[in-house]
Amino acid sequence: MYFEHSEKVKELQEKLTTFMEDHIYPNEALYEEQLKKEDRFSEIPKIMEELKAKAKEEGLWNLFLPESEYGAGLTNMEYAPLCEIMGRSAIAPEVFNCAAPDTGNMEVLVRYGTEEQKKQWLEPLLRGEIRSCFSMTEPDVASSDATNVQTSITKVGDEYVINGTKWWSSGAGDPRCKISIVMGKNDPDAARHEQQSMILVPLDSEGVTIKRLLPVFGYDHAPHGHAEIEFKNVRVPASNLLWDEGKGFAIAQGRLGPGRIHHCMRTIGAAERALELMCERVQSRQAFGKPLADQGVVREWIADSRIEIEQARLLTLKAAYMMDTVGNKEAQSEIAMIKVVAPNMALKVIDRAIQAFGAAGVSGDFELAANWANIRTLRLADGPDEVHRRAIAKYELAKDYGRNAVHARQ
Amino acid sequence: MYFEHSEKVKELQEKLTTFMEDHIYPNEALYEEQLKKEDRFSEIPKIMEELKAKAKEEGLWNLFLPESEYGAGLTNMEYAPLCEIMGRSAIAPEVFNCAAPDTGNMEVLVRYGTEEQKKQWLEPLLRGEIRSCFSMTEPDVASSDATNVQTSITKVGDEYVINGTKWWSSGAGDPRCKISIVMGKNDPDAARHEQQSMILVPLDSEGVTIKRLLPVFGYDHAPHGHAEIEFKNVRVPASNLLWDEGKGFAIAQGRLGPGRIHHCMRTIGAAERALELMCERVQSRQAFGKPLADQGVVREWIADSRIEIEQARLLTLKAAYMMDTVGNKEAQSEIAMIKVVAPNMALKVIDRAIQAFGAAGVSGDFELAANWANIRTLRLADGPDEVHRRAIAKYELAKDYGRNAVHARQ
Amino acid sequence: MYFEHSEKVKELQEKLTTFMEDHIYPNEALYEEQLKKEDRFSEIPKIMEELKAKAKEEGLWNLFLPESEYGAGLTNMEYAPLCEIMGRSAIAPEVFNCAAPDTGNMEVLVRYGTEEQKKQWLEPLLRGEIRSCFSMTEPDVASSDATNVQTSITKVGDEYVINGTKWWSSGAGDPRCKISIVMGKNDPDAARHEQQSMILVPLDSEGVTIKRLLPVFGYDHAPHGHAEIEFKNVRVPASNLLWDEGKGFAIAQGRLGPGRIHHCMRTIGAAERALELMCERVQSRQAFGKPLADQGVVREWIADSRIEIEQARLLTLKAAYMMDTVGNKEAQSEIAMIKVVAPNMALKVIDRAIQAFGAAGVSGDFELAANWANIRTLRLADGPDEVHRRAIAKYELAKDYGRNAVHARQ
Amino acid sequence: MYFEHSEKVKELQEKLTTFMEDHIYPNEALYEEQLKKEDRFSEIPKIMEELKAKAKEEGLWNLFLPESEYGAGLTNMEYAPLCEIMGRSAIAPEVFNCAAPDTGNMEVLVRYGTEEQKKQWLEPLLRGEIRSCFSMTEPDVASSDATNVQTSITKVGDEYVINGTKWWSSGAGDPRCKISIVMGKNDPDAARHEQQSMILVPLDSEGVTIKRLLPVFGYDHAPHGHAEIEFKNVRVPASNLLWDEGKGFAIAQGRLGPGRIHHCMRTIGAAERALELMCERVQSRQAFGKPLADQGVVREWIADSRIEIEQARLLTLKAAYMMDTVGNKEAQSEIAMIKVVAPNMALKVIDRAIQAFGAAGVSGDFELAANWANIRTLRLADGPDEVHRRAIAKYELAKDYGRNAVHARQ
């Protein structure tokens, strides 16, 4: 057991922190201002491309992507603390080309894409020129059960025809978003987890219609957006299929491991910043003759927040360690655990900070309310908490508790 | 002890429920649609005035206002269950002219207004012709401590001059909002709770500037809005003062009792509806081969929600009963209790419903996310939970526990 | 709605409170002292019979038993607040002949007993001469599912033969305990809820063996005790059967309603006393230069405790009201709710008091630890929380939510 | 970051686990049986000395004590996972001579004892021949504030005279307990944290009276016991003083770090075993036609328990790591965190297990209830949760959040 990051990671942490302080935090408000008033989805705030250029210049680019020639050569464990720092600001991940859902999609392309697919989609994604979305969830069924998927992917000649409606295709509102990875059924008669396939669908394909962009607790999340997309007789070349027919579920499983850990680390970063804001606020505000920090439960909130953040971070790092050492499959119980822990922890920490901020906390003057709303979706995205708890329990119940459990005092 | 509503109340409950089913629920979406796209605060959806006319026609109008010739002659206890029904829909309270902050402001005018003030402001409010706001909270201080108020109200000749900045003046975004009740200090040297006064300030007075409308978790709450208002050398006639100089704190205390109980009852209505939606949803959605209702913790959520709603409702009714029988002052511990209980309860119930709805729950397709955000503000509005818990504890610690507590087994 | 007790009840409350203060609290320690050192189950502390005589003299006797010529003629609603007062002391219920499981057993005899059974067992119970126990739970099966019962009750000639092992037959340790109501199966082939019967078994019958007395968190609960009883070919006259063959489940259901509400009210009394003790303690102890009452979360604990007690009490009273007006069957969801609410509430309140008392709280110097342990069993006795929540949810899911739930903003 | 134990530790874990399975678990019931019926404190169960001999033989002896020639040469980090395994059984720590309060007392003697003191007391303790207690808490004051201590230690000639009453001197009930480390004030006029001294007081000194042994939730914890001890004009040689006058507080601080981490690790072991018992139980019991494992919230309990255990363990290991690398003082916030986390976590896990076991859970048939009660004391011992949270918050509020916290969107 060893609880310190390597020198390489410490240096990157410092570099990233400096970048955040010099370039990200001071430009958060500007980013918001630069969104077009009339149509917040029509154009990307200029400051974003400027920041991306700076980040690339400093080598803070594509830090994700373990075990791949395309990335920065970091393991999940090494990337985790960096991802946490990026999570401190809503605009940061994109600046470093480490934003969801692109990172997950790039991983899929790296692992399962053909050379041609890589050339056409992975490379511009890695350069930060285009963006992508992931179309899995459907409005009409409980998508927590992947076998409920209704969208069809049917081979007709040398093409696949896609029909169905997806929603929560996050990022599809962005004018730079060019490609979606779509999950659908190609063979409803195959074994339960071999009915699904994944396929690359350019968003400008005929028959693709973005019906609307869904708000999250009143936020439109422009220019990113969460799209409901109709696929109506959409035809793409058969070569757009990822891996093989019937491999959709397997790809999803592979994609979700790293995706989840990234979400968790970013979430921890957001919680950490909320705690900092709270500590600063309660020392600077007075009520009833003394700072809020000296009243009632405030210190209890701070202590509990610190405790919960520390624990969630350690568990997430352990999950990353296991992914690196025994593989995503063996780490699945740990990944499920952090998927439950991190968002729930962050929601509690941020909610306390909101309460400490008073009415300002629910407004747009601080990141708190927006972060809360965003993180609330993570208790549902990639499977609701309940499905993950089910998986953890299943794993636990299957253990052989050997000679211990049976021994009672009786 | 008697746990049933009077026949009069039961009839009103039924009438109101029918109105909700016939006219309110079916028009919720229309109301949203009729908001102008360009400027959601510029105009009131037409359907609102149509519904108001209908409600007035049916006698479902001004049901609040106990002990007053102006209202419907209902006690707080009688009004409470009706207020709960209205709380089931965000657009309902206004339809029945029972919306905050107008109800609280009308109560203030009834209790403390001069005949002239009543004629000018109370009457059009009672007719639903104009709307009003309440300007107490300030951005630069912790307003949970009323003595922190910085806005000044200074007598100059036969006028008062108001200077200061308020925010969370809810309703000031509405084009029909004509008047604000403003809290300020007129004598910083008076006793702690006699420094403040309240005064009527027409929003079209010179020097009144609405600086911005604050969002709540991304919602603009149009056309209502939560305004930050600057008062710069605003002059109003001395006759605009409410009651007397130094009575601001006393009026605030009097105003908040009924206001809080209304909020609580509406909140319970919102929770009740969320539970209904959840029950309906979990029976109609399938995952892993059976309805959500038959999985894991779902029934636990439903049971706990029912338990929590029932308890909150009973406590709120008891508080209303006490207000009617022993007065708002004697009921202050009970009012503080429900102020803490109702929003926290509703947030839990609605959050469970959101989780049961999956991604749809955080979107705008159901009232859930919007209600959650709205009710989250109630843990802060009219004093944060912590201030109310402090008051309850103070009351409890002052009790004489007589010969009981000292007896221990020792 | 009316939130005050009748004059009759108020007078009884006062009389009972005075009795508690004059006779119960001052003798709690004495009762404990009078338990024999060598065998705490061998003899009843003398003070108990003295106190019983006094209570009988003052007419504070058999206050339970609604709708019966045998009791004091109080409804459940009238009895509830009195039962709460008795719950403030572990020794009080017996003093007033209102202790479990006798009250439940007497109710069974009143409702389902023959004249002969009443004469033989009910009358001495009502006079407080003997005590009784209830033998339902079994060690080898999950007794939360009543159909799991394994004990057999077989008709042989004009006798029934009983075979099986029961545990948690509370009160069987008491030397005065003469009779048990035993639940068993007489027909495993009948319909699921008609397989069981209940029968009166004198504890001195041949074949009845008390195997051991079970501790509860280290407490032996002497002289009451929780017995594991073996019934081995125990023969009793056929006339000992209660009601009829196959009616065991129906009697159990009928017995449990009042029994549960009594437990809940007593539990509320215990919580109330814990809160009083806590309030007294935190004002009299100093740390870091000020009373505990002025530190950190202590006032939060007090406020939350008050809030939780008030809510649990109101819900319990409402359940009592419903039992009186619409009957135990219609009140079953409310009874299930309080069965979950009251013990969980009291455990929280008492745990906070323990924490406020420091190490003294877990010791025997105050009632706190003993009450906590005792009440912890109530989350299991008469069915675990989970079974009750299941029942509440089932009831909720069966409701017709009419035209409301289907209306969404969509 | 590295999440695996060294080979040395893994081997010891395996060896210890085997010992537990071969010798400890099978003898838990025997130990209880061998306690004398008449006076459970009069004699030590024979099996204990037999097991100690076996453990010593296998080299599983004095595994605690980092940085000392006396111990096994393990760091805190290396000892932690072993301590966890011992925590799985109430009788195990003593078998390996790793039981509280002896370990803490031995640490004090190693760090601050004179050669003479070591020879007289440390050596027989290390050999497991005698036992010791620690007398700090007092009945009449809130001992969470160490400056409240009232016991006096006064120099008279070449002796110190001790006067005062202590309680919760755990272990003083054991007939082998020969020595107490007593905390008292020698100079009430010195600086706040320099008024106290610690001194060695043989329990057979004149004037030392064990007044009583305090129960914990009904458990007597025989033969260990929690003593209330009166020190009345007790005279010991001046050479019995530890370190120096005024160093009592400093020694206490030094003693508590390792003591806390040991408690935490043992607590985690107890929680782990409770989870195992629960997993085993819910798969073997049926209700309503299926195993408990397939009902309602049971899997939620299992998943949450696993999640909470994992997090608490990682945080405890990190605290151990910090103690080893940056020292107990720098690790104080982490030590405070685990002091709060571990007992609260274990209480939740064990409470769930109790609920899953039904009535058996609160009885003596399984370790669950006894462990719960024991661990409940750890939320108070060595300072209540609230004092530790206060310390964590203080540490947090003193951080320099640099350029991050001040940046808001405003």
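In this document, chain identifiers A, B, C and D correspond to the written order of the chains, with residue numbering beginning at 1 in each.
Quick note on the criterion: contacts are C-beta pairs under 8 Å (C-beta built on N, C-alpha and C of every residue); 3 or more make two chains touch, one makes a residue touch a chain.
None of the values given here were measured: they were computed from a predicted structure.
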Touching chain A and also chain D, the following chains: B, C
Per Cα centroids, the chain farthest from chain B: D
Length of the line joining the C-alpha centres of chain B and chain C, rounded to whole Å: 42
Distance between chain centroids, defined by C-alpha means - chain C, chain D (Å): 37
Chain A and chain C: spacing of chain centres that average the CA atoms, whole Å: 51
Where chain D touches two or more other chains, by residue: 296-297, 299-300, 364-365, 386, 389-390
Chain D - residues contacting chain B, complex: 296-297, 299-300
Chain D - residues contacting chain C, complex: 137, 139, 141-145, 148, 167-168, 214-220, 285-288, 292, 295-297, 354-355, 358-365, 369-370, 372-373, 376-377, 379-381, 384-386, 389-390
Chain A to chain D touching residues, read off their complex: 1-6, 20-21, 25-26, 28-29, 32, 77, 88, 273, 275-277, 279-280, 282-283, 293, 298-300, 302-304, 306-307, 310-312, 314-315, 317-318, 321-322, 333-334, 337, 340-341, 364-367, 386, 388-390, 392-394, 396-397, 399, 401-410
